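Read through the structure below, which is laid out as structure tokens, and then see the notes.
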Amino acid sequence: MVFGMGTVVIFLALLVFATGVMSRTVQRLLPDPEPEPANPAPTPIADTELIAVISAAIHQHRSRTK
Amino acid sequence: MENLLQLWSSSGLSQMTPGAAAMIAVGFGLLFLAVRKGFEPLLLVPIGFGGILANIPGAGLAYSAVENAILQGDAQLLMQLSAVLGLDPDAPVKALMEAAESAPAQVRSAAAAMAADAGFGNGMLYSFYSVAIATGVAPLLIFMGVGAMTDFGPLLANPRTLFLGAAAQFGIFATVLGAVSLSAFGIMDFSLADAAAIGIIGGADGPTAIYVSSVLAPDLLGPIAVAAYSYMALVPMIQPPIMRALTTEAERKIEMVQLRHVSQREKIVFPLVLLVLVALLLPDAAPLLGMFCFGNLMKECGVVDRLTDTAQNALINITTIFLGLSVGSKLVADKFLDINTLGILALGIVAFGIGTASGILMAKAMNRMGGTPLNPLIGSAGVSAVPMAARVSNKLGLEANPHNFLLMHAMGPNVAGVIGSAVAAGVMISLVGG
Amino acid sequence: MENLLQLWSSSGLSQMTPGAAAMIAVGFGLLFLAVRKGFEPLLLVPIGFGGILANIPGAGLAYSAVENAILQGDAQLLMQLSAVLGLDPDAPVKALMEAAESAPAQVRSAAAAMAADAGFGNGMLYSFYSVAIATGVAPLLIFMGVGAMTDFGPLLANPRTLFLGAAAQFGIFATVLGAVSLSAFGIMDFSLADAAAIGIIGGADGPTAIYVSSVLAPDLLGPIAVAAYSYMALVPMIQPPIMRALTTEAERKIEMVQLRHVSQREKIVFPLVLLVLVALLLPDAAPLLGMFCFGNLMKECGVVDRLTDTAQNALINITTIFLGLSVGSKLVADKFLDINTLGILALGIVAFGIGTASGILMAKAMNRMGGTPLNPLIGSAGVSAVPMAARVSNKLGLEANPHNFLLMHAMGPNVAGVIGSAVAAGVMISLVGG
Amino acid sequence: MENLLQLWSSSGLSQMTPGAAAMIAVGFGLLFLAVRKGFEPLLLVPIGFGGILANIPGAGLAYSAVENAILQGDAQLLMQLSAVLGLDPDAPVKALMEAAESAPAQVRSAAAAMAADAGFGNGMLYSFYSVAIATGVAPLLIFMGVGAMTDFGPLLANPRTLFLGAAAQFGIFATVLGAVSLSAFGIMDFSLADAAAIGIIGGADGPTAIYVSSVLAPDLLGPIAVAAYSYMALVPMIQPPIMRALTTEAERKIEMVQLRHVSQREKIVFPLVLLVLVALLLPDAAPLLGMFCFGNLMKECGVVDRLTDTAQNALINITTIFLGLSVGSKLVADKFLDINTLGILALGIVAFGIGTASGILMAKAMNRMGGTPLNPLIGSAGVSAVPMAARVSNKLGLEANPHNFLLMHAMGPNVAGVIGSAVAAGVMISLVGG
Amino acid sequence: MVFGMGTVVIFLALLVFATGVMSRTVQRLLPDPEPEPANPAPTPIADTELIAVISAAIHQHRSRTK
Amino acid sequence: MVFGMGTVVIFLALLVFATGVMSRTVQRLLPDPEPEPANPAPTPIADTELIAVISAAIHQHRSRTK
């Protein structure tokens, strides 16, 4: 069982090491591309769109509750 | 009149045994804990219900066709089965039942053919068990789904927390030694394989415990699974006293620095790094950790979202239903109501306690060795029991210091604990089962 | 040229038989009823389509590997198969086909090995049938899903309506007597097991009929399933004349008092009460009613919503697809085009009619015995056919009295009918199959 | 110490072979293509990951119980297995492995019983393969799902485009001839069945290729599936040069008249017409096209929307996960690293090229024969690779004429190509496998 | 068959009885906790919340229909 | 293989023919019923309904995001 526990610790120590190497490598060689400017702030919605949204919501609601 | 007698003799009341009644009560107890107390209901509702079904007298839902033939067949069929199984014509039912499980494969298939010809079939829960657990597939699919729901971000931001996940597995190995000692002193009767399967309860990871136990000790799967999920549900009660006893007020107040941002690409590469290490060092952990990494890669790579969605929902839910009912099939009275079950329950909670303590002590030891200080409260999260153990760490941290949000920091050791116990499972299977 | 001949001789046209053509027409008929007339489309679309596939000449989709070897193998293989199956070397194909189904299990597995070595495999629909129906798993999963969709509130508010669900099962038992009599007079040729399976059509519950028939009379499964689902779809046509004939205008006008509120906890405990009764009294109904109660408990307990959602959607839909195609595999010409099929269809509609009448008469009898008066129109809902029969009750009630909303009142006997026919199924299996 | 040696000898590093390392690299290559380049990620992520798992040394995930016993058993077990398999006691491992696959069914089941008694089990990926691919069920369910997602509207509006889908299958048959020639000249070593399975790559339809290959050449399934999906992903690179070379600027500018409206009822009847033709003429295509038509009928008939939804989502996703991992199990080094694999890859791309060219030339020929002119660019979409090939047609059309929207017009030949290659698959199975 | 029908009736009669006992027991010993005041009457929603809701609905609608 | 390719072409030619016959038959004998006037133009929604819809959307949104 000492061997068993030792194996677990050694395995995870290797994983700590490998993860460290991986993270540094990825950060240097493969940085994430510029994050896209997520969801832009919701702009005021025109009346027609409002109606459309609401009717979609109604429709959705009905199809759910039927 | 004959019909009435037939109906009565096939009714449950006429065949009820005290053991079956007790196990039905146990099943209701599990349902009560799951529904009223919120103990891991996703698993304990199906397990409890399966346990009740398994013990319905005369229904034989948890038995194979051969076992049903032994229990319900007429004298002539029993003699024929005894002959096929290589026993005396007047062998007791208990001996036949054991032979039906342990005979060589070809003998078992001859007996199965005989039972089928006599009109007996596999019970529903037995079929579920054969497909879902005996093949190992259900725990593996659950692991894939868990992988698809796991965020390794906190772990990648602070990989040192993997050591906490490693330390908490000490509970597993200490428990194995305990189980072996109990057997050496003649108090219990566990083989080394049994002991290894029982130890995994300390991993605080249900599917891992079920997987290991299906490989090493199928007979003990019922109590092991029940213990694993019950204690996982009890984490908020088991851990805090140990955590308070082993830490000082000052240690609990330690605030941890905010975690760095982890890039998407690191998250994509990590499961592959883990997979390579498993492949190189511990092939026996490959099924569990392979499916876990597969699920996680599907989630992080972002190009197979419809598969990820299915792995996280429909597939894991279907698997959970069958896994739970199948575990229930191992709650039949003659397998569960045994002094060994008490031993398993006792050893399981010891394993939890030792794992919790080891995680905390490891955190304190790492603080002594220098580096950015860790709040030792996150050490207890290394047992896994995701995300309950991390929440417990967070709660105790807030008690000591209202500005101390440990949740994300504790998620690192928490998911490390999942990896750790899967590694420990591989080691066990390799050493004991190989 | 040889190639051309080979293609032609393997084409469907060259192998078409009148029987296969007739059954393909039946399949199209079922599709027409399902798509244009809205007859239980969820089942009849897969059943109809499966029936067409099963009868494609030369494709052998509904046959096992051995049957395909018998039908398409060369003379030498047929001689070897005859020897293995214990028949004369020149036994006719029909005898071989029968032996392939009824030989002892070890003989069948030797024949299967021989067919596999000769390159023959199980047809797709045969494989679906083996997994989905022969094991019983598909009807049971449907029952679990139905349980997860059933609200026992109306039944709990007025438990007396269970008697209506009991009475409507009289159609089942009367039909069994009818089928036995037809055989006694030599008009048809049904065994007692066949008769029991046919009777269950009167339970107006598709999965129950399929389950019983897979246990007691697999050969008749095709016509029984088709009859059950067709008549369930025809409930709005079959029931009203009987309901009008057996009730007076005054009775149809009876307004029922509003149902009391049923607490969530009653709804949680009810499936457990039902389960205990089944366990104590009728273990043979445990698979069906056990899964039903399990689904219902998952729904009502409120702590496993993701499992409930899967049981109500992905899992029941997947099961329905395979169940339907598997039933279709039993629509092969040589099994379906038989005088017995006409008998089954005739007996089935009689069973429906008797069940409807019994439910109404029971309601009238209960009114005579006192208590809050029942509108006898809800008695017909006791046959099950959820929720169609309850809607029919409601419609006739509104016709007689525009303020008379019977829908919720009829849901009580309606779900009671599901329980009733599952109980009847257990009784049949216990008496006939045991 | 002994424990350490046991762990080391069971580790992956000590058992790693150059072949396994190379195949793990191939697996990572497939993942890279899928994740970074977007090559058919839904299939290539599971296939690539499965390929890595299959080659983890010592894990034996892709091997049956008997194969695992041969690879890891002790000398005594090997002698017993040799005896059962009818080989010399000192037969080499390679001979045992071959016998384990090709021995008669009863011998294989005796060997399996022996392996089970010695504690060996089927590897996880082997189990997935047995259930998902060896039975044929996974490709068929994918086809059902694809049918449930296919809109035949554009095809029905212009049925002549079926000829384009027919012509593009010429790549299949030319490739079969090529593979047979390569073998005749001794360059490769393909049987006729192998050649037929390889040719289907030219059908540009993954599930069809896997289905045919599982029937005719299971040993080549790995490279065939990889080639099929890789080339489908490469359609935007493979097709344009051929399309430009075979068409004039004027031809590419041809604008097509708007498609007529197709009524819902036509869409409902079409899958039934196709089914009848298959039933009458080509029963060997019935499983593939039957399930395809079934999925499409469910979608169009509009009365079984919950089944359609499941077929399009949960069911096809679950199947895709298992199909991909199962294909990965065929990427073990000793089956994949073979000169024949290079031949398959080379023949596959030739098949794609010929199919593309045939489709375009057919469109040009049809223009000469009169009728409303077709833009020959839509001919290339006849290879299938839905909807990629249609998008390529559209893109080249827009390049030549900014008002020329070919997408909907190309969808006709595109779905015709799916039908065409399924028909070709049926022809192959009928001619070669029968 | 008389026995069969009898069994069904007796079983369901027992179920009527057991259900009655159960309902009374549950209502006495385990009354449902005070029902939470369900959905409180929808109060007038501030403009910002309205925008949030609508943008959520739009987002949902789009992710559905894509 | 010539036979093979020939079979494919003949099969699809028959399918072209059968499809043509089918389409003409269906168009003549089973024309689609008058298409229902799809979703009628969304009429102005009364205030109470608006509130109901919005509260449904909120509820839905919450139950999704919890």
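Chains here go by letter, A, B, C, D, E and F, matching the order in which they are written, and residues are numbered from 1 within each.
By our rule, a residue touches a chain if its C-beta (ideal position, glycine included) is under 8 Å from a C-beta of that chain, and two chains touch if they have at least 3 such contacts.
Note that the coordinates shown come from a computational prediction; the quantities given were computed from them, not determined experimentally.
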| query | Among the chains, which is located farthest from chain C on the basis of C-alpha centroids? | reply | A
| task | Farthest from chain D by Cα centre, which chain is it? Let me know. | result | E
| remark: Taking each chain's centre as the mean of its CA atoms, chain C sits from chain F at a distance in Å of 31
| query | How many angstrom lie between the CA centroids of chain C and chain D, rounded to a whole number? | reply | 38
| request: Could you put a whole-Å number on the gap between the CA centroids of chain D and chain F? | output: 29
| Shared interface positions of chain E, touching two or more other chains | 3, 7, 54, 57, 60
| Which residue numbers or ranges of chain D touch two or more of the other chains? | 3, 7, 276, 281-282, 314, 427, 431
| said: Going by the contact rule set out above, which residues of chain E touch chain C in the complex? | reply: 1-5, 7-9, 11-16, 18-20, 22-23, 26-27, 30-32
| said: Using the touch definition from the top, list the residues of chain D that touch chain B in their complex. | reply: 3, 6-7, 10-13, 15-16, 24, 28, 31, 34-35, 38, 41-42, 45-46, 49, 52-53, 56-59, 61, 110, 112-114, 116-117, 119, 121-122, 124, 127, 313-314, 317-318, 320-321, 325
| Where on chain B is chain D touching in the complex? | 104-106, 109, 135-137, 140, 268, 272, 275-276, 278-284, 286-287, 290, 293-294, 297-298, 301, 303-304, 306-307, 309-311, 314-315, 427, 430-431, 433-434
| message | Under the stated contact criterion, what part of chain B meets chain A in this complex? | response | 155-156, 159-160, 162-163, 165-167, 169-170, 173-174, 176-177, 262-266, 269-270, 273-274, 276-277, 281-282, 416, 419-420, 423-424, 427-428, 431
